[in-house]
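In order of appearance the chains are A, B, C, D, E and F, and numbering begins at 1 in each one.
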Amino acid sequence: MRPSGRSAQQVRPITLTRGYTKHAEGSVLVAFGDTKVLCNATVEEGVPRFLKGQGKGWVTAEYGMLPRATHSRNAREAARGKQGGRTLEIQRLIARSLRAAVDLEKLGEYTITLDCDVLQADGGTRTASITGACVALADAFNRMVAKGQLKSSPLKGMVAAVSVGIVAGEAVCDLEYVEDSAAETDMNVVMTEDGRMIEVQGTAEGEPFSHEELLALLALARGGIDTIVEAQKAALTQAPVADLK
Amino acid sequence: MRPSGRSAQQVRPITLTRGYTKHAEGSVLVAFGDTKVLCNATVEEGVPRFLKGQGKGWVTAEYGMLPRATHSRNAREAARGKQGGRTLEIQRLIARSLRAAVDLEKLGEYTITLDCDVLQADGGTRTASITGACVALADAFNRMVAKGQLKSSPLKGMVAAVSVGIVAGEAVCDLEYVEDSAAETDMNVVMTEDGRMIEVQGTAEGEPFSHEELLALLALARGGIDTIVEAQKAALTQAPVADLK
Amino acid sequence: MRPSGRSAQQVRPITLTRGYTKHAEGSVLVAFGDTKVLCNATVEEGVPRFLKGQGKGWVTAEYGMLPRATHSRNAREAARGKQGGRTLEIQRLIARSLRAAVDLEKLGEYTITLDCDVLQADGGTRTASITGACVALADAFNRMVAKGQLKSSPLKGMVAAVSVGIVAGEAVCDLEYVEDSAAETDMNVVMTEDGRMIEVQGTAEGEPFSHEELLALLALARGGIDTIVEAQKAALTQAPVADLK
Amino acid sequence: MRPSGRSAQQVRPITLTRGYTKHAEGSVLVAFGDTKVLCNATVEEGVPRFLKGQGKGWVTAEYGMLPRATHSRNAREAARGKQGGRTLEIQRLIARSLRAAVDLEKLGEYTITLDCDVLQADGGTRTASITGACVALADAFNRMVAKGQLKSSPLKGMVAAVSVGIVAGEAVCDLEYVEDSAAETDMNVVMTEDGRMIEVQGTAEGEPFSHEELLALLALARGGIDTIVEAQKAALTQAPVADLK
Amino acid sequence: MRPSGRSAQQVRPITLTRGYTKHAEGSVLVAFGDTKVLCNATVEEGVPRFLKGQGKGWVTAEYGMLPRATHSRNAREAARGKQGGRTLEIQRLIARSLRAAVDLEKLGEYTITLDCDVLQADGGTRTASITGACVALADAFNRMVAKGQLKSSPLKGMVAAVSVGIVAGEAVCDLEYVEDSAAETDMNVVMTEDGRMIEVQGTAEGEPFSHEELLALLALARGGIDTIVEAQKAALTQAPVADLK
Amino acid sequence: MRPSGRSAQQVRPITLTRGYTKHAEGSVLVAFGDTKVLCNATVEEGVPRFLKGQGKGWVTAEYGMLPRATHSRNAREAARGKQGGRTLEIQRLIARSLRAAVDLEKLGEYTITLDCDVLQADGGTRTASITGACVALADAFNRMVAKGQLKSSPLKGMVAAVSVGIVAGEAVCDLEYVEDSAAETDMNVVMTEDGRMIEVQGTAEGEPFSHEELLALLALARGGIDTIVEAQKAALTQAPVADLK
C-alpha cells in the first residue's frame, strides 16, 4: 500500500491552472498532488548569438525552488551567489524536453523562456515542471497567433513527464517525496503524446537495477504519461487564451 | 480620478491567505490588488554568531521576485550570481520592520527567517511583503506556542506598511504600478498598529517635496495602515493555526 | 550634554577641501568632525544604454569604506567578492540625491560618477558623502564649462544632507558614532538649499517614534542643513576651479 | 560504415595507464580512442558534515576539461568564475556511478575524491571518466589495504560506462565526436560488471525515439561494457599497486 | 633631463605622515611625489589556521586603488566582484616584504594586516606602499609595547622599496608615471636598511636587458633606498606613538 | 649533496614532447624531472579591444594546476569560483615572457593563447611552463606559416626559464620541491637564447640576500638556461610540425 493509498499505476491528482499570473504570455500553476510549480512562458524577439540569422527560434528554461518549498529551509541560490548543480541539471532537462515539442523553424526568430518556480515540493518537481511548462508554451504560442506574430502554433504536440521508481521492491508511478527518498531506483521519463521518448533518466540509488525492472518502469511511465497528457488537453480546451486574465 | 477608480485615500483590496503552502511554520499569500507576494516564515533553532549566548532571538528576511512577476521579464538573480541593490535594500527594510514587532528576549535563541517572494508585481511589493510577513510571523509564533517551544507569542502587535505618493500633483495612497512610475514623490511608511512609525522612506523622484506635502502623505499613510491592520487582524481570527494545512 | 559638548542643534565642524587629488574633475575631502570622505567626480562621455539617444546625461555614485576606516577592521569588499547591502543602499541614495540637483537635459550625453570613499568613519558617512559629492560635482561642472564642454553649469543648486536622531530621549543633530549606536531613532535627511526635501529616511532602532518626534527631527535637520549649505557655498567661493591643482 | 571503419558494435581501442602521476593514491590515464582523461583518486580522512559520526565513507568526483582539449578553445572555467551546467551534471554522474561500486560502510570515515580531467576530447568523455575512475579507485583502495588503513577493499566490483546512439538511422556503440554531433539519439549507460544498470540517460537530440530503439541501444551498451570491463580487469592485473611509481 | 628635472639618482620628495587616521594602530600617509598611499596597520589577536598553536605571529597585506586615483577612472574592484591579478600580485609582494622585517616568533600569536590604499597614483605605488607600511608597522608595534602586549618591538629594522628603470636608454631611480609608461626595463627593489635584498623584480618591457644594465639598476636602487630609509627614520623620531591622535 | 645527487649547476633531465595532444596548433608536454606541464598554444583571429586596428598581434597565457598535481589535493579553482593570487601571478609572468619572444607587428592581428596546465608538480612549474610554452609557440607559428597565414615565423628566438636558489647556504640550479620548500632565497630567471634577461624575480624566503649571492644565482641561471635552450632547439629539429599528429 502506498502512503497516499494510490495503486502502483496511479498518478496523483493533476491540476493545471492557466492564466495564474497576468503578465506572462503563458502562465500555468501545475499541481501533481502537493507538488506545486508556477510555469511562466515569456516571449521575446530575437535569438541567442549562436542562432542569429538562421531564421530559427529558441526555447530555453530556468528552474528555481523557493527557499521554503521544502520541509526544511534551503538557502536561497541568489543569496549564495550561484545556482547549484541540481538546479542547472533540471533546467537543462526542461529546456531540452520542450525544444523537442517545438518546430523551431516555424517559430522563427523568437526566444521563449520557461521559468519553472517550485512553490511547494513533494517529489517530482522536474516532471511537474515539464508538464506545466508545455501548457504554458501552448498558451504563449496561441497568444502569438492571436497577435499575428505567428500564422499557426509551432507546437508539434504535447510533451509530458512522470517519475517512476522501485520502492520496497515494487515499481510505482509518480513518486511523492516519502517514496522518492526511499526509492532504490528512480527514473524520470519525458514522452510525446504518442508515446515516443524524449528523455529517459534512470538512476540506481541503492542496488543496480535489472533489464526487467527497467522495462517494468517504462511501462508504468507510459501509462502515467497518457493520463497526464489527457489532463493537459483538457486544461487547454477549458478556455481560449484570450479569455485568460 | 485614479486608474482603478479608487479615491485618493483608498487602499486596494487586501487579501491574506494563511496556510498557503504546507511546510513553512507560517505561510501567507498577501495580495494588494494585483500585487501578490508569498510570505513564508521559517523557525530554526539557534542564532547568528554575533548573538550567541545572549538568550535573545533574531528575525531576518529575504526578498525575491520571480523573473516574470513583472510586465517584461527580469533576469533571475540566482543566474546572474548576485542579488541586486534594490533586492538587498528591500530585504533589509523587511527585516528591520519585523524585528520592531518582536520582543527578541522573549523569543529566546531562535531565528525566524521571512522569505517574501513576489509572484506578481503591480506596485507596492515591499509594503505588501511587510504586511504579509507580519501575519506569517504571527502564525509561526502561534505554532511555536502550540508546540511548547514558547510560553506565549513574542509578537508585540501588528506591523503594517503602505506606499503613498504624489501623482499628478495629488497625494494618493497605495500606488499601483502605473501610478508609481509616474509619481513625483514616493514614500513608504511602516507603522505599528497604534500608529507609531517604524520606517519612513520618502524620495523625490522629480521635484523636491515640501514640508506640507510630507505631512499630507503621512496622514494618508496613517489612514491606509489602519485599514490594512484591520485586514491582518481579521485574517488571523479566521482560523486557529492548528487548523491550517 | 552630548559627548562632544555640542548643543542638540549644533552640527560638527564641517570642512570641504577642494582639489584634494589631482586627476579627478572634481575632488573634495569632506570632514564632518572625525568623519572624513574623499569625494571624486569623474566626467565621461556617453550615457548608459537605457538613456542612449535621448540627449540627456546621467549621474551615478559608488561608495566604499577603507577597511580600517572604522574602530575595528572590516573585511575589504573587493576581497570578499561583493559589495554588501549597506554599501549598495548608500550608493543608491547618494546617486538619487545628486541627480535631484542636476538638470540632466542641460548636461547632455555625459555621465558623472561620484566616488565617495570613507577614509575615517565616525557616524554620518552617507550624509557627509552627499554633502561633499555636491561640491565635487559643482567643480566638475565648472571645469566642463571652462573646457567648453558645457555652456553653463547644469547644477540647479546645492544639495546637502544631515543625520538627526533621538538619543536618550532627546532629538539631536549630526550624530557622531557613539550617539548613532545608542540612538532610538535615526533619520537621514537630504534637502535642497531652499529647504525642500529630496530624501527622508527615518528608522526606529528601538521603540517606534511618534508624529511629534518626526516633526522635531525634521526641524533639527532643516537647521543643520542650512549651516552645511553655507559651508558648501563658502568652499566654492574660495578659489576658481582653474586654480585648484 | 562508421568514420573509423568500426562495426556498429565495436568500441574504440581502450587503454588504461595506471600510475600515470605519482602523488595520487590512484592515477589512471584512460583513452577511448582519441579521448584521453586523467583520473586521479585522492584519499582523505574524514567525511562531509552530513555523514559525520555514522561510520560511513563518501565518494565524490570533480570533472574538468583543459581549455584546448577540444577542436576550438573553450574558456577556462576557473577564469570565468564558475563551473558550467554541463560540468556539474557530468561530475554528479561520475560520483553517483562510483558510489554505486563501493560499500561505504566498509570504507569507514574516509572521503575519496575522483578528479577526472580531460586532456583531449573526441566524444564520450563522461563514459571514459567513469571507466578510468573505477580503476583509479581500485588502486586507491588497494593502497589503503597495503598501508593498513583498510582490511580489504570496499570495491564491490567494476563499474564501466559507454555511450550509444542512433546515427543516420543506425544504432552504434561508443560514439566519437563526429558521430556524437550528428546523433539523433544519444544515450549514456553505466553498468556493473555483471550487467546490471546504475545509470541510463537517453536523450532525443532530434526526433523522439521508440521503445524498440531504446532496446537496441541497451543491447549495444551491454556488449560494449563487457569489453570495457575486460580492459579494466586486464589493466588491474598488470602490476600490483606497490610497483606503480 | 627627466620630466621633473631630477637627476637620474634622485628620488622624489618623500613625506611620511604618521597618525593620518585615528582608528588604526599604525596609520601613515606616504607620498613619493604625487603618488599618495594611505597605509593602515591593524593588530588582531590570533593567527590564520595554518599557524595555530606554533606561538608565531603573522603579517599580511591588502592593496587597493581608489577608482579615480588614476588619470582616467578604473572600475571599482568591489563592484566588479573580484580583485585583479595586478592587485593580488602587489599585495602578495607587500606582505612578503614586510614579513621579512619582522621576527614572527617574537611577535607571538597576533596578526598584523597592512592595508595600502592608493589615493593618488603617479608611478611607484607598490614601492611607496612598502615604504609607508613599514612605518605604520613600526607604530603598531610601538603601540603594542606601550599597551603591554609585547615586551619589545619585533621589528628587525626598516624595509624600504624603490623602482628603478631604463628610460630612453638611461637608468633612472624612482620613476614617475610618464617615465614608467615609457620604460624599456622596469625593476622594483625591496631592501633592508643595511642594503641586503628582500625582493628584486625586474621586467623587460621592450628589449631584454643585459647583465650590466641589471648591475646599474641595482646600484641606483641601493642609493635611492638609503635616502628613503633616512626619511622613514626621521619620521619615526618626530613624535612618540602615544602623541599621535 | 642534493637530494637527486645532482651537482649545484645541474638542471634536471628536460624532455619536450611535441604534438602531445591533437587539437592545439602547438602542444608540448614539458618535463623538468618530475614536474610535468602540458603547454597548448591556440591561434585565434582578432585581438583584444585595446589593440584593435593597430595591425599588431597579442600573446596571452593561462596557468592551472590539476587538483592532485601536488602531494596533497588542492581545491579546484573552477569549483572555488576564482583563480588564486599565485595562479594569476604566474600566468601574467608566462604571458609577459613569451610576448618578449615575439615580433607582434609581424604576427599581425592574431591572438595566441598559451594554456599551461600542470599535470604533476615537483618544483619549478612556472619555469617549466615558460620553457614548454615557447616550443608550443614555435610550433603554432610554424603551422601558421605552413597554412599561409604568415609569411615567416614572428618568433625572435628561444625564451627559457629556470629557478635558482640558496639552499642550506649553497646556490643551486633548478630546484625540485624539497629544495624549494627549504630555500632561503628563491629566484626565477627568464632569458633569451643569447643570455639577455626578460624577467628576474628574486625573493628572500628567510634572511635577506646579498649582492654577491645575487650574482652567484644569476651565473647559475645563465648556465642552466643554456642547457635548457639546447633542449628546446633539439626538440624542434626532431620533426617538422606537419609530421606531428
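Here, a residue touches a chain if its C-beta (ideal position, glycine included) is under 8 Å from a C-beta of that chain, and two chains touch if they have at least 3 such contacts.
Remember, predicted model here, so these are calculated numbers, not experimental data.
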{"item": "Neighbouring chains shared between subunit C and subunit F, ordered by label", "value": "E"}
{"item": "Label of the chain whose CA centroid is most distant from the centroid of subunit C", "value": "D"}
{"item": "Angle, in degrees to the nearest 5, of the Cα rotation that carries subunit B onto subunit D", "value": "120"}
{"item": "Interface residue identity across copies subunit A, subunit D - same or different by half", "value": "same"}
{"item": "Mean-CA-position distance for subunit B and subunit A (Å)", "value": "32"}
{"item": "Where subunit C and subunit D are represented by their mean Cα positions, the distance between them in whole Å", "value": "59"}
{"item": "Centre-of-Cα separation between subunit C and subunit A, whole angstrom", "value": "51"}
{"item": "Residues of subunit E engaged with two or more neighbouring chains", "value": "81-82"}
{"item": "Neighbour-by-neighbour ring order, given that subunit B leads and subunit C comes next", "value": "B, C, E, F, D, A"}
{"item": "In the complex, subunit A residues that touch subunit D", "value": "82, 84-86, 88-89, 91-92, 96, 100, 187, 191-192, 196-204, 207-211, 214, 218"}
{"item": "Residues on subunit D engaged by subunit F in the complex (per definition of touch)", "value": "21-24, 27, 34, 36, 38, 40, 42, 44, 62, 64, 66-73, 76-79, 81-83, 87, 113, 115, 117, 119-120"}
